[in-house]
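Chain IDs A, B, C and D follow the sequence of writing; residue 1 opens each chain.
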């Protein structure tokens, strides 16, 4: 099976909102929410994509021809590539009848592990989603990062206990979920959290805590104060607030403010190894990729996931070689230009 | 009735110029004047709309989850939202046969009041228009802002006397009306006014006086010298002069020059709660919205107006929560980026 | 006859290259040269047009309502408007069979004079063109500006003698004509001229001498050194060199370098009274307009020309009133923004 | 035969990927690789083209009308124009069945020489390609620049020996070829080279050595350290790395860093004499042009090449005259604006 065949199969399997486009840039699905499109005008996902395209690569091949190493250490775990599958949930609402959240995670988690990376998993109002995700992560030696929504305290503590037991690599909370239209006025309630509230939550669990949905220097500093081990620079793919900047626009200033004190992940419109290279050059430690993992899995199950990871890895290696970085740590800010 | 149904009904009722577009951005009606389009090339309304889209929102949800308060005090009156219906007139010329100016105002004024906001009303060559508007405003405890054109002194004084008696919240003059093609060489004559002339006019009435149609720092300072209590940063939706900047472009410099010495209203292409938030962040105290009130009213009468105000209010609240402002006064300049 | 009818008639009369477009912006005729399009890629004329659209008008109607005066004095002659018809030649090659250059000038010169302005006339390889133009100008009390191509010295002196006798208001030379593809390798030869050569030419004639085709500060300073009384900031409508900046882009720096020491004319994509106002605000003393005079004349002869001039005059007056300038001399740099 | 007829003939002869477009800007062939399109998203070739269009020409025709001289001296050889045919290889893979690499070179090398310029020739996995190229160059008194891929040392030394014997004007290496998808994992292997490796290679041959594929100041300085006599600022037409800047974007900073210490060639989207002029004004000594030579040769063989060179030469001369540069050395930075 070739990646292109996976995408063709995906077109039949992913429901009516996602078109499994050859270039996944938020145009074909704009305005479809619920459904996987962006909120409001639908410009959010498109802006994310475009903000990577504006950054250009400083090619330099007058370098010693060494083997390329894409391995990274994050929270004392070694990964083959600085790539994570992004947390996705409510699969049936967004991507049609093929998979429940549990079925999706049961394929994704081992598929990612076998491909040398790890998956973030999503959360849902149905408690079975987190239960299933944490069970699957535990069964895969903790290779996964459960992502909990910013629920009320009781719900949170119950879910964090499950996560604690999964011995997952880390735990994440998508703090920006309060903006998801389909979570409005639902039970359990989800909402913003203060630094004090986050401190208490973070202390309650032993895994490294990642706050997802940071788009400002101010937010990054608050995440640090709250005791987070990492942040995900993210606007939730444009799905929580119409009118955000692209994540590539805000990454450099957040990196400058935060330095190496937190691990910096980023998502939003990252679609190729070139984009991954750009994110690393601008200061990210790793990237999260969402929709392409959905289409790869819906089109080719575990094999699809492997093909996607290999394709991204090859593109990243090719870009590293062409810009003179033979190790992830050698990727520097001057290798891209705005 | 849902807002989308209101818009569908509007499409049948608003005449041939306005298309009641899902995104009201000045494109479909450009060049149609008289008719509700913009003057000359028709770029004015489009530029207004686009200038809000260029401003981006700095999302930050690491905040305490408090109740959101959108109430504002303007001229010692309390409003549920910082939103006003903009003055519209010559309804039959612009929007077909359904309503006269008087019929439109008789629906709009109480509908806005019941929705927790107030309407500016338009003016016309026919003296019955102002008579009807002021009568309706008086019947609604003064909840409305009659807007008078910059007529000759005698006409003005006669109209201001009617307005005085209406006990309206405030009074406005759209000083830029001289540029309206259909007012050229008509009776009574309308035209520019000097600071001295405005001083005399403003002194003649006890209500707070708002000068609408200010697009420069120079103009704002003159409005202040003349004794105005507020200004509307406005280019009349592109209908009085082709080639103006978007109102969002000039608001920051006017706010910087004027500070809190005048109330600053703004209109032009504001179509969502996100846009309202951007206007407040850039220094406005409240916004005026025109065309969407026309289509809401033509499509759903009082219920349509209510649905529009609720929609805008929900979007504004959502944006405030996602940017960490739980009260209108907490919306600050650093919550948006250009 | 209305201006729109003139344009409809023009569409039938102007040959196959010009489409007499409602918005004359160089798109429909691009790449057609010979024919009235721009040279090479055809972007030159489009860029000229767009460069005016980017400049925005600072509306301010808090002003005393005075009568508007558009009169200007140039070379001690009074004109009703700061507008000149641009020199056009080779009519049959560009605009079909309807008029010879002589017939065109015989209508244009008196039509402009009667409309309160004056026409520049074009030149050609056929000596009859200049003879006809100067005869017509003389018959109209000198109300016209013959424009001579940069021929060899003998041809020039012969033509300048004819011009001298016409008692024309002024004389112009389109120094950039060497770039016209249809003049390449023709007789008489046309080409660049040094400051020394221009000095001698300018001294040979008593009328004020205008050098047309200046696009740089360097060129403007050389024109002054050569003894010119004025320059036309022009790239020949994109017809002599593909890739020039728009004339609006270079006007401010030329004005800053030259001040009031030379009269500054400008052409290139000026299509409305708003554009004329922008040109004056950026430092021009008057504008030249080309294509619209061609279509007005081909569509409505003298009446068409009158309708065009009136339309432009009304738009200019309207813009002046809306920006608070009641006299041409009151139009200042701060009335526009880039 | 006219150039337009050559292009029409080319359309039938160049295979299915290249469309022999009237404006060769990378749009019609994007994403087709192998095939002559750009890599990845295909934006690379388009960006190259567009980056020249953004640079504008400062026309100035107030100059003495002297004869125009386009001759340049490079590596002590005199050329009629600062233009070289770019190295192209794998003709059958990219341009259909009409010509082998050897047949293409056998037409191109003498055609260029007869037109007063010289051709770079390409390289291939098949050793016959370099053998054929060097034989043809030798037969044409060394008028050609063989371009070797960055092979392993043994392959390189063998090929450089052939080149040495050809007595070619110079020798080039496209150091960025490692990014060509169709060279991946092939024999002989091609890859990056360090400064030390390049030093040894460059010392092994007596001709001036040109490193092609430099896109950064850093790379240019390394090329100098390695002993190169010249560089080609090039991103291989977007074919080796998706996301590079346009070559016109990086040329000025490379020129500033390198000065006159190396000859600077440039390619990428240069399609007209105006573009050539812009490249020279920004600091290049000469340009390489690729695709247009392919279409000219496939459409008109030697005559097509001659027509292309003449067309480019005429456009260059025309631009020089219109900007006041009568000799290549007189083209200066202030003759263009960004």
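Quick note on the criterion: a contact is a pair of C-beta atoms (placed from the backbone, for glycine too) under 8 Å apart; a residue touches a chain by one contact, two chains touch by 3 or more.
Just so we're clear, the structure is a prediction, and the values are computed from it rather than from any experiment.
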item	value
Cα superposition of chain B on its sequence copy chain D - rotation in ° rounded to nearest 5	180
Approximate Å spacing (C-alpha centroids) for the pair chain A, chain C	59
CA centroid of chain A to CA centroid of chain B, Å	42
Contacts with two or more other chains, residues of chain C listed in rising order	none
Chain-level touch network, classified as line, ring, star, complete or other	ring
Chains that touch, pairwise	A-B, A-D, B-C, C-D
Chain C partner contacts - residues on chain D that touch it in the complex	23, 53, 55-65, 272, 274, 278, 315, 318-319, 321-324, 334, 337
Chain D-touching residues of chain C, taken from the complex the two chains share	40-41, 43, 150, 175-176, 178-179, 191-198, 211, 213-216, 218-219, 222-223, 226, 235, 240-245, 249
